[in-house]
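What follows is subunit A paired twice: with subunit B in the first complex and subunit C in the second.
For the complex of A and B:
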């Protein structure tokens, strides 16, 4: 094995082996030496505009920005020399004096230990107890509060342009920009419209990278410093992408959600995963309820379960529907309960779509962003799997060819280099036997166009939705082997459910058990049956039509696993402790099975969940 | 169903039903003359802005959006570039552009008084245009006429050794039609 080339440099007297192409700041950071910087962010391309990271490099005439200066063999760097520190202090003074940093009112402000503001932290570190330039308190800097989820206070902005670069490089949305120059410079959206009126999709990536309090989250501001909250890595259950999140919790409350930089989504989230999860929800169901004289009346677990068990025992056939938002373990227990206890096969999913999972080599999320030819067949990732939509736009910015095959207009149409109809890409065999022999006849020109585009590309990716005809899938299977496939699954854990044999389907039976977890109807109506049991976290149109309602955990309280569109099993970690009167789904099912007269044992459920994982 | 969220992305440039400010002729000229010159489409942004300004006298916001759509650049990035250069006018500009020098030599010889007199006479502030759209007043750095300070430019014509009295004379003597305005110190015969 050939050893990787090494560049030897010295930082603050410490010998460091850096990789060629690294910047001084990166090399120092890898060796545990932190060079302060404000405009630099490890996940954005360096810009070198704040001048805080200026360091002294031997044989360089002037101080150099560490964030953009590449390492070279024999380089000697001083990050905290008198000259560098003096310059840094001056730069910090100028940044502080540019806007009215009236720290005591800012949600990020704190002591030297507790502050979350990167600017204030540097102020403490370099002992900035006064500044030589006059403060700029007199000017009224605008505050733009037109966005639903977060506020921009220009008074606290240091023009580091991290938000602008995040909007361009990570979200590939190109909403944010800078206008004017010098003292007049302002962050703006589109052609200088209010943020709320702009093309912003509220992915919140800018909020996550802002070094100061200029971008403030409405729900979590002033509710705790970083030192007072708990950060837990988890998985977003908003859709089937299964983005990695960092949940910020305090006192058993979810304050904020941030994207996990190390997960497949690379720090990005959509408005659903970042903001909608902390928005107010309908009334939480805390105790079981039984319909008495036409009204749902709260009762004890024992009474409700005994009543429901009696109804299930009487019923000739019991049907079951589960939400695809539930983790594998809950779905497995649900399926097991129907097969083993109720002896019924009438069990399925409330909704969801599961396209066939094996058309060829599976793709991971990063393949989409790095692809040079993306084919999107059916499905609408800009609406249903928004983070995938952002990855497609990122690839588009890198000159990837985008081919959209759909009979309906989608948000991706404006990016498409080639737009086809579904019938253009379906093979028409003369008979099933002919199809087996792979002697297809082309109906449209689409297949050859698709094939040519994919063959010309280095890293082609095909994203496909469900509900297509077998001829379309056959056409996809016949594409060259270098194509990677990513299914656009509708329904968070529909892939996990499919592995358990649970699919969206009509179910029959005079009694109905609907396990929805924290899902909401969004206009969807349950089929009418003689007896309906709904297990739900929130009051909704579903529970209003039920005969018995049982409480359920919400996504942040559940423990288990989900399977995302990449086919990976992701751990769903409990972030919050559920109320005492709310139990896990499998626990409820166990209690119910005992009252029906067939006892499911723990082992059976854990065995099933093991088989799923 | 899963939690709903709306997508507010406006992908198309809003059209008011008015004829485009970036005309087909301009697009043709940009395509034929400028695209071959540069490695990328976006590099043609500055020539495109020049062209618009030359044609309309200034660059309306709608034109920025049209340029962005034509070159495949987001509106924010077009505004970023257009607002960076003071020479691009993003506000309507008067028929007469008055540029008073505020550099050291002119300042010492009383450019402040000259500017104040213009402001008073036209009832505008620096950077503003009169209501009738006739005059726009700005200050700028050295015109290279320090020997005859204070100096100013009206469109392309230089005026030297200014005094508040001279200002009244010059402004009153300007013709109604700006196209007829030529340097009075030059013998045009």
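For the complex of A and C:
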């Protein structure tokens, strides 16, 4: 093996071994030397527009932007020389004066130590204590507050174009752009429509990369600086993708969610994972409730559990439904409770669909973005697994071939280079003879088109939804071995549930135990039974129809594991502490089984984790 | 700051646009997503300006993000998002023309024809622009009406000539 080539450079007198192709800024950062920059962002392609990172490089006539300047052997760089600092100060002065930056009104503003604004931080660092040119009053800088979740204040914009690049390069949504030029330059959406009316899908990637307060999150603004909040890495339980998140919490409240750059979703989230989770929710259920004289009345855990246990003992058969958004541990305890304590097999998932069968080599999320040929069979990732939808669009931008096989129109159709029906890629054995010939002809062309496209590709990925016929599976199994497969599972932890034998299905029994966690009905009605126990975090139509209601944890309080579309077991870590009177699902089940007169084969969550993970 | 153009209405005085005229242009540049400027130039040659509908049509057909088309169309002064007049009047207000009386001509446009700089008459007959040097300083003050140069121009003559245009 040949040693990786090294480029030797000197930065501020320190010898650094850089990799060829690195920029001066990257090489310095790897060696622990921070070169100030505003338009540069480690997850976006460098652009060199802010000029803050200008450094002195020997044998270069002028100062050079470190973020775009490639390293070369023997290069000698000074990042904080008098010349570089003087220029940086002037650039900062001009950025401050280009718009009207009134720091004291901005949610990002703070002291030199506490500020969250990258511009203000540099202002402090370089001692900018007055305006050389004055703020720009020439225009009434507009504020666009037409989006539900975040606001754009053009007065605070420094035109670094991080948001524009995030929209192009990460989300591949191409909503944000730049209009006009020179002093008239403004960030705009589509053909200069208001953000709320644009093609923006509120993924919030732009919000996450904005260096100043120009893009402001409505819910978390003014609720704490970075130095006052806690960041916890966790998993989003919004859908089966299982995106890595960084939850920003303070005083046991969830303020904001950001995408984890190091997880498979590479910093991206959808509006569900980033914004919906912090939207106001219905009234939280804090104590058990038992229906007395037609009304739900709060009572103690002991009374409610004893009452429910009595009802379950009396019942001939008890049925159970659990939310597919619950972690493995809760689902395993639920299944175990039904099988061991209630001796019932009538247990299934509250909603969702069977996860598709496993096929061939599993793909990881990055394979989708890096693929040169993506086949999407059934399913609708643009709606159901939105982050996967963004990854497909990113691959499309990199000239990947997109093949959509679906009987229904989907949002991906406009990206498809080839559009097929499901019957085009399946066998048909129908008579009469003429029709048979027809379908065989279709099958022949469809399957061969699919095969040819996949064979011609280097890194083909097949995304497939549920409900496929065996004949379609047969066609997929016949694809070349280099294909990686990603199932488009509906239901956050439907994969974990399937491994525990829990599937969405009708269940029978005169008593019903529904474990909904923090799900809300959204119009869905529970089957009517003689006795219904609903364990739910929030009051809803479900709890209103129940005979006994038990409190439940919300997603951010749960602990356990989920299995995502990549088939990986992801730890679900609690971000918030549950109210004292709210217990984990498995604890409730343990208590309930004791009152029924049986003991379960676990008494700690770690026991369940060991058994199911 | 100029108010953003209204989202509805094509700035075309309500006349319908025939966007299928653009299909040959889009066919010619098919697969060249980087050919934004030539596509916009040819579109403007065909329609006289770049209506919003046309940008949207190009965006969908050629799969070029709308913000990119809009960004390029607003970056270069050669592109116009509003419908222009049949005749283009460019009055030079460069140094030589300015000292030789260009402000009087500009004033005459405003008073005699009701046309401010950058404006178009409601009947789309004239569009008036101020430019800085047409390279004919010896003839100052100069105006360029379509392709014809008028030198040593007096305000009354300018207004009469423009009124006489079809």
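Simple rule for what comes next: the second predicted complex is superposed on the first by the 584 of 613 C-alpha atoms of A that agree within 3 Å, B and C clash if a C-alpha of one lies under 4 Å from a C-alpha of the other, contacts with A are read in each partner's own complex, and residues count from 1 in each chain.
One rule holds in what follows: a contact is a pair of C-beta atoms (placed from the backbone, for glycine too) under 8 Å apart; a residue touches a chain by one contact, two chains touch by 3 or more.
Keep in mind that what you see is a predicted model, and the values were worked out from it rather than measured.
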Fit or clash between subunit C and subunit B when superposed on subunit A: clash
First, second, both or neither for A:353, with subunit B first and subunit C second: neither
Touched partner set for A:200, first subunit B, second subunit C, both or neither: first
Which superposed partner A:140 touches (first subunit B, second subunit C, both, neither): second
Which superposed partner A:276 touches (first subunit B, second subunit C, both, neither): first
First, second, both or neither for A:383, with subunit B first and subunit C second: first
Touched partner set for A:181, first subunit B, second subunit C, both or neither: both
Touching partner for A:191 - first (subunit B), second (subunit C), both, neither: both
Contacts of A:56 with subunit B and subunit C, given as first, second, both or neither: neither
Touched partner set for A:523, first subunit B, second subunit C, both or neither: first
Residue contacts on subunit A - larger count, subunit B or subunit C: B
Subunit C-contacting residues of subunit A that also contact subunit B: 174-181, 188-192, 199
Residues of subunit A touching subunit C in the complex: 139-140, 142, 168, 174-181, 184, 188-193, 197, 199
Subunit B residues touching subunit A - in the complex, by the definition given at the top: 1-5, 7-12, 61, 64-65, 74-80, 83-84
Contacting residues of subunit C [partner subunit A, same complex]: 1, 4-5, 7, 52, 55-56, 65-71, 74-75
Residues on subunit A engaged by subunit B in the complex (per definition of touch): 164, 173-181, 188-192, 199-202, 238-239, 270-272, 276-277, 325, 351, 382-383, 386, 411, 414, 491-492, 519-524
